[in-house]
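Chain nomenclature is as follows: A, B and C, assigned in order of appearance, with residue numbering initiated at 1 for each chain independently.
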């Protein structure tokens, strides 16, 4: 259990014409070597900003690190020089973006684009780098790599382009791979292929992955642990089983309830009411309280701290305070909790079905 | 993970359940602005554009009242008062605009020498005409030509592009073949040929400038019409039985208005330029009419000895062009939803 | 692609043919006689001259003869420069115009690109505002105003460079080239700035950063080429602006080029020369637009194989 990356009390703001947008308001998490951590949340919850801030890819003119640190190999990435950062990017930490149609340079051959980080960080000869490029293309499943590395991005399909982007990210065997909604812009069938590819690669090169998505189906498929973000904060974090079968935060309940499920076909699909908080003027207390049917007086006044559920599972909601009244989660959630040993609704399965 | 696991004791009433009004959660934080209100707010933030609007208004007012300000008529010739340098009451004591000019290489107060008591704020030309009056008369003419030419371009361009794009099919085919050929003909060549066969004058210049000027607008309007007419809201309106006329005026034009305005804002300085250009090479307005172009031409000829004759019209045309371009830029930024944050 | 080029070439010739036809008949309807400069001719002498230039024949016959000659590349005989062919006249004058045009184009676009890059890379700083302001000046101030001011200050007042004429080697070409360069400079600076800013905010630039590329590599290896390619599309308007500018700038600096000669032929109603020059300008500009379209297809790999946009 080596912690490869530690994010501590990270706070980050954007300065815009309208004022200061507090996009990240105190985020804490660790990334363990070899694991896949999924960060889920709706648009504007700060999940993308969090990862971009790890890579320091946010516009320097408007983004400001207000507090906290990002520890990687003993260095605080919020403080190191831009030059050091350039040596880390693409070598130790690399990134896969959402839209493969726009994330490749249209006027550069894909071979050159893959070779760029190899030449830059590994100081290989051109022919060695080319050899490695072709290996990478084979690895990510681009057929005829020997002839196709000379082609331009527009000559590939969307799924193939995402494979190429993955090849770029893998070029230097990164310790951390950040995937920012890598399958959102793709067809469902292609999505599955890309996810399979990522899982395979992770086994081969033993990298840690931070996987950002709003698709809980994808999370269940790839993640070891899950962090749920809301309003610029992590509201619940735990192993994938803990989050899916013993969720504690009302927002996580909402997210899981709004996930269509096969065996509950007759149920009406749930939608979380309201809109995400305005981070220009973030609420004083629990950011989710306004949309929550479980809100208490204290939610309006104080931000909840993290409450420990188990050694690996924490949630930031006042409902976990010993003085809080016992509330009943939505029926769908209770159904889920019934299968999780240790949850308060757990019923011993007597039949053969898992 | 930095957590507060020791739970502090809190007053029990803090944990009372409350109900949140769901309207509260659905409340929209920002006041909703119409497209034009939003554009206006953006334009107002653009300092360069705001200053340009003020300067432009000032010049418009001066073009209208300037010729009557100092009591000299624009065409009144007075050879005794010929070639006087600028002299402005008040400022004259500061050593500029004091009526001192070059005479055979020496600095001489020409007003004193010629025994002129009147003030010619921007000096006089070789015929003794007051340049201040003529400058604003010329500005009037230049602006008039520019506005009329831009209006003609707009009307023809919108009609042509709109018809071509809206009716499509064979109409569009024929109309676009014509445009494809016209667009190949350099504007300059057309303008010069047209102006040569017509009687010189304001009308000739306007016609010459407009004869191909509408093509740019028509192409933009056609492209926009094609874009919008296939969109669902137009289809919906058609399904509900709207006639072509209603679809065009209620759905297509309002959506295109922004881009039409922007384009027109850029045709105006273009027309000012072409008028001045034609007058400068001597085939535009003919004496005794004055426009900024003819004034610059006159000034250029005597630039060596009376540089002020060139300076003032050159300044006015440059400032006008800058103002129009900046307003155009500002409008484009304000109306272009692509730039919206 | 071949089909597309073929189609464009056919269009080019149709356009030129139309321009020739229209300008021929426009010339015929001009007030004033083309041989007005041959004053003091009696009736018989006039008839002889008219016969010599072929203007005694009916209009359609004249047109047919003109078009036949034009097909052979013969632009006819100048009326004003007695007996000289328009071809010779244009040939003797093309060199200064080409030199000025090329110098202005190269200097203007290079400096413009540099200014535009600077503005985009240092967005919202003094450099950005300075170069944007400069570009607005360049777009707004008419070339003849700028040329007059250059001539007044630098040549007449400070005597740094010749006031005009084409007889002092490279020195003669500096001021007119500068005056002509303002347009291309300002246009390309503005264009490159907008393009660069758009490119710099694109996903593939973020990806390049994520690969560890430094500021220099981002700007020149990744962004520059993508921002530069669309500049080709404004080459047409740029060339048109240069031709327009050359008419006034050559006149102001008394340069024996095509532009100066065009203006003076207009003044003396030299029909054949006006037509010849008109056709030369048109052919030049039409050709530039054609080249631009082809180039765009060749340079941008996104459209290289898809066979053009037409």
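By our rule, a residue touches a chain if its C-beta (ideal position, glycine included) is under 8 Å from a C-beta of that chain, and two chains touch if they have at least 3 such contacts.
Every value quoted in this text rests on a predicted model; they were computed, and no experiment measured them.
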*Which chain lies at the heart of the structure, taking centres as C-alpha averages?*
B
*Check B-C against A-B and say which one is joined by more contacting C-beta pairs.*
B-C
_Separation of mean Cα positions, chain C and chain A [Å, integer]_ = 55
*When the centre of a chain is set as the mean of its C-alpha atoms, what distance in Å lies between chain B and chain C?*
24
_Centre distance in Å when chain A and chain B are each reduced to the mean of their C-alpha atoms_ = 51
*asked:* Which stretch or stretches of chain A touch chain C in the complex?
replied: 55, 57, 61, 83, 86-91, 94-95, 97-99, 102-108, 116-117, 120-121, 152, 154-155, 165, 168-169, 171
*chain C residues touching chain A - in the complex, by the definition given at the top*: 123-124, 202-204, 206-214, 222, 225-226, 229, 300-302, 305
_Quick check on the complex: what are the chain B residues that touch chain A?_
1-5, 7, 9-10, 12-20, 22, 24-26, 28-29, 45, 341
*Tell me, which parts of chain A touch chain B in their complex?*
8-9, 16-17, 28-30, 273-275, 278, 289-301, 305-308, 314, 318, 321-325, 327
*Along chain B, where are the residues that touch chain C in the complex?*
180-181, 184-189, 192-194, 196-197, 269, 273, 276-277, 280-283, 296, 299-300, 303-304, 307, 310, 314, 317-318, 321-322, 324-326, 329
